[in-house]
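Okay, here's the structure, questions in a sec.
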Amino acid sequence: MDNTLLFAVISLSAIGVISAIILYFVAQKFRVIEDPRIDIVAELLPGANCGGCGLAGCRAFAEEVVRTEDLSKLNCPVSSSEAMKQIAAAMGLEAAEKDPLIAVVRCNGSRANAPQKVIYDSAGSCAFAHSLSSGESGCPNGCLGYGDCVVSCKFDAIYIDAVTGLPVVSDEHCVACGACVTACPRSIIELRSKGKKDRRIYVSCVNTEKGGPAKKNCSVACIGCGKCVKECPYEAITLVNNLAYIDYNKCRLCRKCEPVCPTGAILETNFPPRKEKPAEPASVADTAEA
Amino acid sequence: MSILTVSGSPHVHGHQNVKSIMYGVVVAMIPAIFVSVYFFGLDAARVIFISVAACLFFEWIIQKYLLKGPLTINDGSALVTGVLLAFNVPSNLPAWMIVAGALVSIGIAKMSFGGLGKNPFNPALIGRVFLLISFPVQMTSWPVPKALFAPGVTDAITGPTTLGILKEGISAGKTVQELMGSAGFPGYMNDLVGAQGGSLGEISAIALLLGAAYMFFRRIITWHIPAAYIGSAFVFSGILWLVNPAIYIDPVMHMLAGGMILGVFYMATDMVSSPMSPRGQLVFGVGAGLLTILIRVWGAYPEGVSFAILIMNAFTPLINKAFKPRRFGEALPVKKG
Amino acid sequence: MKTFKLGGVHPEENKLSAGAAIEILPLPEKVFIPVSQSLGAPSKLIVEKGAVVKTGQLIAKGEAFISANVHSSVSGKVSRIEEVTDTSGYRRTAVVIDVEGDEWDEQIDCSKEVKAEITHSREEIVRKISEMGVVGLGGATFPSHVKLMVPEGKKAENLLINGVECEPYLTSDHRLMLERSREMLIGIQILMKGLDVKKAYIGIEKNKPDAIDHLEKLVAEYPGIEVVPLKVKYPQGGEKQLIKAITGREVPSGKLPIEVGCVVNNVGTALAVYEAVQKNKPLVERVVTVTGKSLEKPSNLLVRIGTPVSKLIEFAGGLPADTGKVINGGPMMGKALTSLEVPVVKGTSGLLIMPEKESRRMPVVNCIRCARCISVCPMGLEPVLLAQLSENQMFETAEKERILDCIECGSCHFTCPAGRPLLDYLRLGKNKVGIIIRNRGKK
């Protein structure tokens, strides 16, 4: 009895010791010498591997930071500026102050605004629908609503609204990694400045068709009339290819352009209601006329 | 004119769908169901009914409350699993064991992988093997078949299967010839018709072949797996038999006895768990055939079909990767012009 | 009976208009001629708004190597140059011409007389085909003159003429072979001369016995041309499948038919070549099958390019009340239209009107790995795998699995018992892989 016990203990210990020795030498032989700072930086990153920085993932970002020792060209759009400062501190560098961005869906072609003209009956993929035809509303630039952006989002920050059929970005969850921007075959989604108190003004249309055909498909399309361009006191609005675009770096959120738009293509978010003119050039009214 | 539909080509579709395939398999099993009821009486009908009902129930409840997907019980796949599971158990199995088998088949082998089309193993076989390993006594005490309405013998009498007799006899030192000549041995004709002890569905080779012919006719199965399976099993067992006919069973008996026909045509050909390319299917069939004979001859169990198929199921992903279909323009290097 | 070996399906043939002789569609009031109608680079517009054009006058010039000239199909005045919805559902530039009379360009020989003697040299033949804007009329609209320019180091041995018409419903090639056979055969001789080949085969599926008989009688007068009856199997009209069926050769992956010494042309193209070379007539009209189960009068119509499809449907008895889908082309590879004001283009071989109850796809269920898609793929691919790779954006692997070999015949989707949109994802994948390869070239 005693012998058995003793034998078991001794043999097990011997196996343990031998394994440890082997493992030690193997570890020595195959050791990869790595800058310890890579681990430190990687720790500070979100670890979602979203690719928003343009590199293969968070580890790759950390390696790049350590290799170049330069943060001016690298930015993790997902991390808060606080986290970026910490990374900079760990590297002994200065972090550039970055304006927080958010994904903005520039299409308001809901079923009510852009009525259905044909039935699409194929694979539920925007990319395929885009290559097949102009979509159910007929607008060649509008949102198709099959959710390629939703699939691409690693942060659950975007979903398709059941009523409008359009994607909605959650202010809270969106980290502006840009995955949806690349996923959208029609380049509808744009990363724009998040704005103070989440206040933003943007042209919610990317249709480059002339006014007539654009309006035929969608009541809230930008028809390229240029009224907003004239109205803007800061020259923030440009008109290219029958489409107005508000430069968020120049825009000061004065809200002058929004009421002049004849189709209601300019949208404001999170502003307090207007006092003097409560009657919005609402899309509902336009649909009724059309 | 109503609103136009836009879709990618093609705009027409063939006539087969999942439902028609599944119900086709069920139709193919009807002759074997009749034979089993003929030889095992109402007990057989009871087993089939319980198995099918339990499979459908588990499929429904898991789909509804766990997977929360659309209703799938009417696609026929659970029905096929139910009948196949019943075919793989003896007719005197207690009801609760059948239900347990159905739970393993549907719940573990199929739905836990995501339902129809996702399961790596044939669900009915997993159910059978689970029962065989958990309840070996009940799973191997086979009621002696008797023609329906035939007087005399009661259901209570049990006896071994053809393969069981042979396996036990050989290990006891008797020769195959002695055993096949002994009283109570079913013989070729009875194996063909179905008058032998065994699981519900495996007893009658003729009824199963009839159903298989129907499946070929409906193009539900292709020739690749059955041909490779039977071919390799036949050749392998034939070589053994030629080496020593005293201790190895002849290939024809191997084909007729046990679950060979049932396994080859109804379970090895299960689309979900078998390889996709014709070449891969041939490899799959050959492998399953060799394993079956290997297990039957040298294994602990007299029967090897279910294990062989399950083992080959495990290889299916690898076979799919290794044996691609012949690409157009690949094999013929053209050097002209 | 010859056929290709790998894969293939048998869709219901439904050749409703096979017995309907070709009728000439009356001129519409307006035509919409898209500037870009063929594969390759878009053509350059050379007319302006207000210009008066004659039938057959050049209105857009193909300047790149792979591009084709576009001619006015009517005489009249260019009223607008604007964007009109084309077969893709997108709006593309087109020339709108108000029809006034029907005055043909002086160069064009409008007589009915068949001109059998081929007087032009090889170079002249190629130049004429290019000038007259002839493109492949089978549907792919590849500029025909490019096919005649055999690359250095390659030699064409056989000319294959595609009279297979394996698409269900369509009958335009069938009618052409019956009604314009002599002109077509002369066209084939011209193509043979242009390619400097001694042998031409006309592949016809045996569901057109009248065409086979008729041509077999005629070819005796045309040395070097042989009629090859083929077993009925879709997609035999695919270039690679047809070569395999007739010559037994397989075009290697990613290569053109010339690699195995073959050039394939459609019967309609042969006729267009005849008209271009012998009659100086540009490609301004083509035969279009207008068909459908609920259509009153399925017909084959000779139509000017640019005619809105609504005119064709009107002529064939009007749009049935139960229409759910209108397809440009056949049911296997055709494109569903979003509007009926789309103009007929050079590649429009048919218009198929599908009743409502047949226009929706069956519900999609889980793949049961039945491998039917693999067994029917004429290219020996694994559509199920490729579709999955494409759906999961694994385009590099898809490229290795030869996604670019897919000929988009639709057999996989046709046969899939689970109704999965295999071809949709394959197309998407092909598209993306193409972009990846092009970008790789740039780096």
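In this document, chain identifiers A, B and C correspond to the written order of the chains, with residue numbering beginning at 1 in each.
Just so it is clear, a residue touches a chain if its C-beta (ideal position, glycine included) is under 8 Å from a C-beta of that chain, and two chains touch if they have at least 3 such contacts.
Predicted, not measured: the structure shown is a model, and the values here were computed from it.
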Central chain of the complex, centres being mean CA coordinates: C
Reference subunit B; chain at largest CA-centroid distance: A
Length of the line joining the C-alpha centres of subunit A and subunit C, rounded to whole Å: 42
Chain centre separation in whole Å, for subunit C relative to subunit B (CA means): 49
Whole-Å separation of chain centres (CA-atom averages), subunit A against subunit B: 52
For subunit B, residues contacting two or more additional chains: 4-8
Multi-chain contact sites of subunit C, meaning residues that touch two or more partners: 89, 336, 338, 359-361, 421, 424, 427
Set of subunit A residues in contact with two or more other chains: 117-119, 121-123, 128, 132-133
In the complex with subunit A, residue positions of subunit C that touch it: 83, 85, 88-91, 336, 338, 359-361, 391, 421, 424-425, 427-428, 431-432
Subunit B contact footprint on subunit A (complex, rising order): 116-123, 128, 132-133, 136
Contact set on subunit C toward subunit B in their complex: 6, 9, 11-12, 89, 154-157, 168, 240, 244, 249-253, 255, 258-261, 319, 321, 323-327, 329, 331-339, 352, 354, 356, 358-362, 365-372, 374-375, 377-382, 384, 402, 405, 408, 410-411, 413-419, 421, 423-424, 427
Residues on subunit B engaged by subunit A in the complex (per definition of touch): 3-8
Residue numbers on subunit B that touch subunit C, as the complex places them: 1-2, 4-14, 16-18, 20-21, 72, 75, 77, 114-118, 222, 271-278, 281, 324-330, 332-334, 336-337
